[in-house]
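In what follows, subunit A forms one complex with subunit B and a second complex with subunit C.
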Partner chain A sequence: MVDLDRYLKPDQKYYTAIGLEGSANKLAVGIIRHFPGQLSESNRAEVLSNIRDTYITPPGEGFLPRDTARHHRNWVVRLIKRSILESKIDIDELDCICFTKGPGMGAPLQSVVIAARTLSQLWNVPLIGVNHCIGHIEMGREITGADNPVVLYVSGGNTQVIAYSEQRYRIFGETLDIAIGNCLDRFARTLKIPNDPSPGYNIEQLAKKGKNYVELPYTVKGMDMSMSGILAYIDNLANDLFNNKKNNKIVFNEDGSPKITVEDLCFSLQETLFAMLVEITERAMAHVGSQQVLIVGGVGCNERLQEMMKIMVLDRKGYIFATDERFCIDNGIMIAHAGLLEYRMLGEGFDLKDTVCTQRFRTDEVHVKWRD
Partner chain B sequence: MSDTIIENAKSHLRNIQVTVVSQGAEAIIFQTTQHPYLPSSISTSSESLKFIIKYRPPKTYRHRTLDQQLTKHRTISEARILQKLTNIAEVNAPSLIAIDSRNGILWMEHIGYELANKDISSLKNWLWQFNHDESKALTNEVQDTLRAVGRQIGELHKNDLVHGDLTSSNIILSENSKAFLIDFGLSSQSTLNEDKAVDLYVLERAILSTHPLYSYEYNKWLLEGYSSVFSGKQETKLKEILRRYEDVRLRGRKRSMLG
Partner chain C sequence: MPSAQYISPDQELLFKTNQLDTSQLSTIGITSGPSEYVKIDRDQPSEAKDTFYGKLRCKITNLQDQLNIFLTEQMGKEKNDKDIVELEKKLLDGNDDE
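What follows is the complex of A and B.
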């Protein structure tokens, strides 16, 4: 067992950390509290505040780095103020300020790092840089109580199957091209459906009304998968449907009436992509001999994905752990949580000159000191 | 493992005594002493006569149409590859005995043995025996075994076949230390260097995540074995595959990861 309290000060009753997240279109702030000792069933981390503001673009458009960064700059001070008020903490209580070091979009990451650095100097509190993916995994474990699961991390920028071994979260399978959330978002753009609250959520609602399954390519390569071909294929079907290309016999009947609907396309896309996800997760479970699955990341809120995963896991007599939108979608609390774990092992923060962010930062690059 | 799946399998295998060996990701592996065609009177309970039944159960989590299509496709393509491999002396793979593609059932020759800790002798389990003990994990024996595995993959690729799911659990060692490739469900015939490179990359990553402590040496030896089977004229082919392999690796590493 790793000792998490080697740097506990004599009169310290708890640790408090604030986390700032802004690697994509969500700006989020969270404040967390740990009590000394191992985190366990009887010693859970306490969420003091967990708020976010999402930059939403008009239908048919994605979020551009420059505009997203501007959104974050505009809102970061207000969000931090609100979070501090909500949590009722004193600034003096803060042990560290945690920020997303990466991976993510450059400009949004930078605007949040600047806010974190400013606060660190203003309040004289150490800074901790956190890997976004590790944040998701650690928060998922903390909230669900899963101790050593195979982790399926699915979001707008990531699709990874991860398992822990030898102080690292190792990537067993991942996408070979685009991420699952990206695939869904881009299809939502083709369909010109709203981005509010999120494109994936709106696809999920449409998919519930779909009935006909349209055959799509299915591309699993070992524990990896590929999605760009599927997206191109289904984009074509949708465009043919919209442009009334009657000679496409997959989309139209002989008499020229449409064979399939937008809902059917959403349904088929979800069924195919999620079947691939569940399959690679099952492969990883069999390979490492694990009985637990934890789903994290924005796409992890999808109820159909959770349902499919549950069926697979029950067939293996295993356990599934999933969280809701508060912790699945990017949030500040996970950054605070993972950062605080790191802080408890370090006893200090980064030097200001090392508090940089990076667009590319793989999950398996992080040395997980707080687990054995 | 869910009992209904086993009941399901047994309903397709009437009057055949089976025992479960393992539950893989997409299939359940049974073992039996009965041959599908020979009269059961011939079947002996002797240990030497054993057969493997690989059953791909319906996956209820996915859409029925998709499920049936995948099960049928994978069972048939695995059978075709196994059949092809019987004609390729250099590649060790179990020989095919029978196929029931609609129900997703394959009968194969039994290979491998039980390790000291009762686990099946897959490369993964064999290597895991030596984990945390450098004096055992990096011996000449391990080196020779991994080179032999590399040669098997090289021979497979030389014959324009790709495995599609190379991991250390999909390689079985026999008692005389021969390496067998198994699980050809995702295999295909391909002349593309890209597919072969992805095959190598999938293996590299599997070794990295499953055997992290010695992955550098293991991957090096695998690749040495792999390269050694390409000789003469084929060396240019090897160079092209390896160049592509570097490309694939770079793609995997440098891919932008947002969100």
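What follows is the complex of A and C.
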């Protein structure tokens, strides 16, 4: 058993950390409390505050780094103030300030890390940089109680199948080009559907009304998968539908009436992409010999994905774990949680010069000292 | 009061804010606005209060504007307009695909 309390001070009753997340278009602040001892059923982390503000663009548009960074810069102080008020903590109770070191978009990450560094110097509190993917995994494990699952991490920026081995989260399968959330979001732009609350959520609602499955390319490649080809193909179908290209016989009947609807396209895209995810997850489960699957990341909120994964997992007599939108979608509490675990093992924060952020930060680069 | 120093082989410049009339300043900067793609802007900085920190915020916004305008002009002296727009776009929106 790893000792998480080697740096616990004699009269210290608990640890408290604040986490700042801003690697994409969500700016989030979370405050978490850990009690001494191993985290377990009887010793769960306590969420004191978990708030978020999302930068939402008009329909048909994606978010640019410069506008996203501006959103984060102008909202971060408001969110931090609200979070501290809501949690009712004193600033001197804070053990560390955790921030997303990466991976993610450059300018937004930078905006948030500057806020973290400023607070650290202002309040004299140590800084801990956290890998965004590790944040999702550790929060998923903590909330669901899954202790050693195969993790499917699916979001707008990442698509990875991960399993833990010897103090690292190893990537068993991943996307070869774009992330699944990116594929769904870009299709939402083609359809010009609203981005509020998120494009993926709106595609999910449309998909529920789909009736016809349109066959799309299925591109699983061993333990990995690729999605840019599917996106190009379905964008084409949608554009032919909107532009009345009657010679496309997949989209139009002989008499010129449309064969398929936007709902059918959303439904077909989800079914195809999610089936591919289920396949590579099953492959990892078989490879690793695990009976647990944990779904994390924004796309993990999707109920159809959860349902399809559940069918496969139950078929293998396993267990499936997923969280709700408070923890699936990028949040500050996961950064605080993973950062606090790292802090408890280090006993001190990072040097200021080591608190740079990076757009590329592989999940297996992190030495997971808090597990054995 | 916030200031910044620029040192290059050709020149040394000091950018100051202590001589400014704070009643003319605000937290909405000329160079820190949204891009042309933003139609409804809900991300503006909050207005400054009439306090020491409020005025400090305005001065910092002004200083940032001074620096941004100066640096853009510097870039302009080295390259022609089309390249500047390209470089500025690359700096602001980043090489996120690489």
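The rule is short, and it goes like this: the second predicted complex is superposed on the first by the 372 of 372 C-alpha atoms of A that agree within 3 Å, B and C clash if a C-alpha of one lies under 4 Å from a C-alpha of the other, contacts with A are read in each partner's own complex, and residues count from 1 in each chain.
Throughout what follows, contacts are C-beta pairs under 8 Å (C-beta built on N, C-alpha and C of every residue); 3 or more make two chains touch, one makes a residue touch a chain.
Everything quoted here is computed from the prediction, not taken from an experiment.
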item	value
Comparison of subunit B and subunit C by subunit A residues contacted	B
Subunit B versus subunit C as contact partner of A:222, first or second or both or neither	first
Partner chain in contact with A:58 - subunit B first, subunit C second, else both or neither	second
Which superposed partner A:199 touches (first subunit B, second subunit C, both, neither)	neither
Touched partner set for A:300, first subunit B, second subunit C, both or neither	neither
Which of subunit B and subunit C A:271 touches, first, second, both or neither	first
Touched partner set for A:74, first subunit B, second subunit C, both or neither	second
Touched partner set for A:149, first subunit B, second subunit C, both or neither	neither
Touched partner set for A:312, first subunit B, second subunit C, both or neither	first
Partner chain(s) touched by A:105 [first = subunit B, second = subunit C, both, neither]	both
Common interface residues of subunit A - those touching subunit B in one complex and subunit C in the other	105, 359
Residues of subunit A that touch subunit B when the two form their complex	23-24, 103-105, 132, 155-158, 163, 165-166, 168, 170-172, 174-177, 179, 181-182, 213, 215, 218, 220-224, 271-272, 275, 278-279, 282-283, 285-288, 297-298, 307-309, 311-312, 314-317, 330, 359-362
Subunit C contact footprint on subunit A (complex, rising order)	55, 57-58, 61, 64-67, 70-71, 74-75, 78, 105-107, 359
In the complex, subunit B residues that touch subunit A	1-2, 5, 23-26, 59-63, 65-66, 69-70, 124, 164-167, 169, 186, 198, 202, 205-206, 208-210, 212-213, 251-259
Subunit A-facing residues of subunit C, complex	32, 34-35, 37-40, 43-46, 92-96
